[in-house]
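To keep things clear, I will list the structure first and then write my remarks on it.
The first chain written gets the first letter, and so on, giving A, B, C, D and E; residue counts start at 1 in each chain.
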Amino acid sequence: MIVRDHPSALQLYIVMQGSIVPRIIGKIVGIAFLTTAVVVIDTHVVRLPHISIAAMSIFGIALSLFLGFRNNAAYDRWWEARKLWGAMIADVRNLGRHMCIFVGNGADRAHILSWAVAFAHLHRGALRDVDVSAEITGWVGAETASDLLAHQNPADAALRSMADQIGSLTGQQAISGFGQMTISKTLSSLALAQAGCERIKSTPLPFVYSLLIRRTTYLYCWLLPFALIEPTGAFAPLLAAVVAYVFFGLQTVTNELELPFQNVHNGLPLDAMCRTIEISVSEALGQPAPKPLVPKDYVLT
Amino acid sequence: MIVRDHPSALQLYIVMQGSIVPRIIGKIVGIAFLTTAVVVIDTHVVRLPHISIAAMSIFGIALSLFLGFRNNAAYDRWWEARKLWGAMIADVRNLGRHMCIFVGNGADRAHILSWAVAFAHLHRGALRDVDVSAEITGWVGAETASDLLAHQNPADAALRSMADQIGSLTGQQAISGFGQMTISKTLSSLALAQAGCERIKSTPLPFVYSLLIRRTTYLYCWLLPFALIEPTGAFAPLLAAVVAYVFFGLQTVTNELELPFQNVHNGLPLDAMCRTIEISVSEALGQPAPKPLVPKDYVLT
Amino acid sequence: MIVRDHPSALQLYIVMQGSIVPRIIGKIVGIAFLTTAVVVIDTHVVRLPHISIAAMSIFGIALSLFLGFRNNAAYDRWWEARKLWGAMIADVRNLGRHMCIFVGNGADRAHILSWAVAFAHLHRGALRDVDVSAEITGWVGAETASDLLAHQNPADAALRSMADQIGSLTGQQAISGFGQMTISKTLSSLALAQAGCERIKSTPLPFVYSLLIRRTTYLYCWLLPFALIEPTGAFAPLLAAVVAYVFFGLQTVTNELELPFQNVHNGLPLDAMCRTIEISVSEALGQPAPKPLVPKDYVLT
Amino acid sequence: MIVRDHPSALQLYIVMQGSIVPRIIGKIVGIAFLTTAVVVIDTHVVRLPHISIAAMSIFGIALSLFLGFRNNAAYDRWWEARKLWGAMIADVRNLGRHMCIFVGNGADRAHILSWAVAFAHLHRGALRDVDVSAEITGWVGAETASDLLAHQNPADAALRSMADQIGSLTGQQAISGFGQMTISKTLSSLALAQAGCERIKSTPLPFVYSLLIRRTTYLYCWLLPFALIEPTGAFAPLLAAVVAYVFFGLQTVTNELELPFQNVHNGLPLDAMCRTIEISVSEALGQPAPKPLVPKDYVLT
Amino acid sequence: MIVRDHPSALQLYIVMQGSIVPRIIGKIVGIAFLTTAVVVIDTHVVRLPHISIAAMSIFGIALSLFLGFRNNAAYDRWWEARKLWGAMIADVRNLGRHMCIFVGNGADRAHILSWAVAFAHLHRGALRDVDVSAEITGWVGAETASDLLAHQNPADAALRSMADQIGSLTGQQAISGFGQMTISKTLSSLALAQAGCERIKSTPLPFVYSLLIRRTTYLYCWLLPFALIEPTGAFAPLLAAVVAYVFFGLQTVTNELELPFQNVHNGLPLDAMCRTIEISVSEALGQPAPKPLVPKDYVLT
């Protein structure tokens, strides 16, 4: 995630970090060049067929609506993913309070909370396809870490182990029925957030939308020069470049937001949120808390 | 569900798997041909009546808005259906943890979880109108399978049987009131997701929208050639084909998303999600878990 | 509710069942005739004032947006109503399972479930303003039926009676506190769905929207001929008819979806959903279940 | 709230009750007169500067989008407010059932339910800034009424008193822990709905939107005559009046829906909903229920 | 938050408090001046390249849609933030009632409620990056205040302390399991609202949107003069200024709503809402309640 203040009007055009211009500059320049070529050929070589700007405007409105739809859907996925992680942060804190109320502030609580941190890291590992054994070893030990990672769904295995621990507290009469119920609800809430994130990861927007919208965007930008010859004169290449910037830019942003767990500039800062969980757990356990992650080059991973 | 990476710009126009072009190519070519005919006749034979592009643009904006509405509504149905299945996956996992906390890791837990897998398959069978007796026999036995399938609503019957088992645990004092309450809530949650899916299957978008929008799309595409004669010249057939591609394509996608449980390219991968449930249950029971389903020709069923 | 497959392209223009054309054909023909008259008079008799199509397009875009708003709001009401009924179906099934877990499969369960069916019918009766005494007599007896119907809110009275029965089970020590709590939650859930439906029935969209949008639609269609004279030539009457079809059609659909409980073509199939509840309850009680309702002439009531 | 059937096409233009025309007729006539003046001066006196209709159309589309946004936001507030009151009605009914299940049908239940009616009236009083002491005296007595009204937040004080009564039942062992929990949840649900209504009342749409959109609407309508001179001829004043009707009308509606608790034509019928609560409570207590409120001149307050 | 009545038509153009005009007047005047310069140079010095207004209109519609998207997203954040604070107000009141029902009206209740006020202030302090030690000292004492503020997340620490107090009541048998469960749920609800606010504060809209939309707005306004030369004549500078007002104005509002906890004109009135909580708690404790905050110069902080 890019973290920086709104740039001033002067900075606005030179900020490159966090911008999608570097990734689509080829397309923008390509369209501008094509437009220049079309205008030059049309004026000096041979008259090319023109398209009336009104015809393009029908096309443009339809394209705007469909790009807008895809953008909304992708943003909703991104924001829902952030909400699910926010709920997980709250649930881990709740878990700490529930253990305190129903079991007490002893070793069992520290144990369960350490597993909750492991759960968060394992979940992050599954969403980003990265190895998190280093991060969880400090919390649950190397052996348990490799046990957990041997499962197809290690985060789910962590939750199951937490339930086993609650189950064994039950056997020891160390927790009341009220405590079992409250804590199993909190675990269910974590599981629901986990399943929600898996859903977002495993079910992208229907592929056919991407095809339909990307194809149409290319077609639009390729036809645009023939529509701009007449009505914009010398501004034609500039206008074509601006339109290409808007449409390809929006499409590139949308591609990133659609899969919010990827480690890209506009992805969610899963590392930073796992750190937030570690801080909350450390403070809950009265241990020295690590520092929050800070952005590097304005990017929080 | 189509599962593949975003194609590069070069691949974009040759990807056919997952595209809706094959299904609407007839309409696209038809409109292009009609436009060519109209242009040729207008130029060389007899002047046909023209429609100003501005008049068509009013029509086009209205059509875009209504197509956009239908598309949004269909996508919402598709995504809600996916959410409901995701919630069911989480609920089955929760059920395993709740049995562990409140009943223990014995035969009763294995029994209930096997029934939960059967529930998922039976629900899938009802949504897709397919026979699932083979899939559930391994989990609940052949006799029970045919018993369940004899009901009008077999998935509901499976949930009822699970409740009966909890009821008999109650009689044996093997479960506390807290456990009864927690587990009956989880069963209710599964039932709510089931009823939600039945709602989406049994209540399509109001039929009249389909009529209104499809009729209007056809009318629009048939009138378009008369509007494109003047302002687009030699590009007219190409533009008409592109507009037909966008409007008919969106409509075809929408038809598939509207009924998300059908076994079509853009339907939900119910088989793969039932497999996910089988994996979760197998891991919860400490049994060897099956492999996740993989896409064939980029299609996950 | 209309239940039929998407018509093929050929059928599309002859399907009348489920179409709103029959109800607005007068307006469509009227506008087409008016346009013809305006064109003929303008061409052969006296030049009428023209309106530029661009001026109408501003008007048209505003109108599309506002029609789109009303359409969205009405569809949301319709879909929320369907969701509430779907939740009621799930809640009745839950009630059966909860009685089984907390009270057992005896006469008390049959009693409560019969009342739940009566509740559904009484609720349907209030929403549709129809008499349901015949349907509920079979479930709760003639005397109780007339007792219930004597209340201003018979469905609420049915829920209250169910609570009284749970209260008397409490007195007999036949139900635990857990059971009381779980079942009273399920009754509350039914009551919430009921109050939601009453809300939708008693609070239509603000009347002023209907006035504003309907008046504007008429004005738009009456001014349209003067805008179509020039830019569409011989197509003017056809285009005017198509625009009238889209705008009046959408408005008529919206009027029906706005009040989703009415017994009209696009209303919700309350009879069929009450039958679904009867089937679920019959299967839960081990009784022979009635058949689901089937559409007559593609209409499910 | 206006309650009347959709007017027929003939009635449509003469219905004044529930219309916003009377409130904006001055603006409409003003714009029409201005347009007439501009046309006359431009034709017969001195040529005024013209604005091309295309330039106005950019402006018009932006304005439509922003008016549409504000309209959506205001309607959402109105509908959310109605949902909150609907939930309160259900919660009061639930409270009656819960008292019956957990405490019994005696004087305590009657007492709590009377306070629930008082709560609804006090809440309405706070939302509408009206005095409700007359309405609640009949339910809780004059002394209690004036006690409650002495608080800054009388409705919250009523809920607190209800909790005190539950607390004293606890002291008398007249209610189980299950009952305490269920009933305190219902009270919390009432409090949540109350806080939601307070939120809607105390936090209007950001003031700056009103300024931005209203100023822009006026500017648009004042510039419109200069754009209509050319393209609409004799229709100019009529078209200007229609556009003014749509834009000012929508704005006036939005102003009312934004603050849904005010006692205006499009406000929510709080009096009628409090009566619904009184009816439910009376029927629950077996007392003769009052009649529902009926609209006067099609207006339900 | 600006609190004032809708201004009359006459006041509309002179209201400056709550308007964003002062902050964008430079840009508006700049664009108007640029337009004047372009028109003058084009007419009297040298013909500049023109852009057809139709080409700009495609651009304008796309820009409106994207500005509209960003505006919607920002408003949703602002309104969600307000909902979360509204839920917190209700939860603090619920906490008071729950303590009364499950623990009684003694010192423990006063203690917990004082901490709840401290929680609200600490949360506000974290959201606004302000020091709140003065506000909380009166409620929890100076020593506790500085203890709490030593944590990385002081509001979370306050909730943890409240859980500790509930835990110690458990040790003293002063609270039942039902009370533990109900109150720990209320604390969880506060924690969820807290995490929601932290999410909104720490996760702004993706930075790339701001860049994309702001850059495009500037480009649009700079190109506009070349499009307005022809079709608007003497009105060109006025129209350009109006368009700049709409687009820059909307962008400035959006920037404020995007971060709703900042102490700016359109930010949320966190001070006033903390005061509401203090009033509720004071009334619940039977103490004299402070006065609500009143707006200064129409601004509530």
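Quick note on the criterion: contacts are C-beta pairs under 8 Å (C-beta built on N, C-alpha and C of every residue); 3 or more make two chains touch, one makes a residue touch a chain.
A quick map from chain label to UniProt name: A, B, C, D, E = Bestrophin.
Remember, predicted model here, so these are calculated numbers, not experimental data.
**Student:** Through how few touching steps can chain A be joined to chain E?
**Tutor:** 1
**Student:** Count of steps on the shortest touching-chain route from chain A to chain D?
**Tutor:** 2
**Student:** By how many degrees does chain B turn when fitted onto chain E using C-alpha atoms, rounded in steps of 5?
**Tutor:** With C-alpha atoms aligned, the rotation comes to 145 degrees.
**Student:** Over half shared or under half: which fits the residue numbers at the contact of copies chain C and chain D, same or different?
**Tutor:** Homomeric contact, different residues on each side for the most part.
**Student:** Roughly how many whole angstrom separate the Cα centroids of chain D and chain E?
**Tutor:** It comes to 23 Å between the two C-alpha centres.
**Student:** Report the inter-centroid distance (CA atoms only) between chain C and chain E in whole Å.
**Tutor:** From the centre of chain C to the centre of chain E is 38 Å.
**Student:** Where in chain C do residues touch two or more of the other chains?
**Tutor:** 54, 57, 61, 65, 177-178, 181
**Student:** Among line, ring, star, complete and other, which one matches the pattern of chain touches?
**Tutor:** ring
**Student:** Round the ring, starting at chain D and heading to chain E first, what is the chain order?
**Tutor:** D, E, A, B, C
**Student:** Sort out for me which residues of chain E touch chain D in the complex.
**Tutor:** 1-4, 6-7, 9, 12-13, 15, 18-20, 53-54, 56-57, 60-61, 64-65, 68, 71-72, 75, 78, 82-83, 86-87, 89-90, 93-94, 96-98, 100-102, 104-105, 176-179, 181-182, 186, 227-228, 230-235, 238-239, 242-243, 245-247, 249-250, 253, 257, 265-266, 268, 279-280, 283-284, 289, 292
**Student:** Applying the document's contact rule, which stretches of chain A touch chain B when the two form their complex?
**Tutor:** Of all residues in chain A, those touching chain B are 49-52, 54-55, 57-59, 61-63, 65-66, 69, 73, 151-153, 156-157, 159-160, 163-164, 166-167, 170, 177-178, 180-181, 184-185, 187-188, 191-192, 194-196, 198-199, 203-204, 206-212, 214-216, 218-219, 223, 226, 255.
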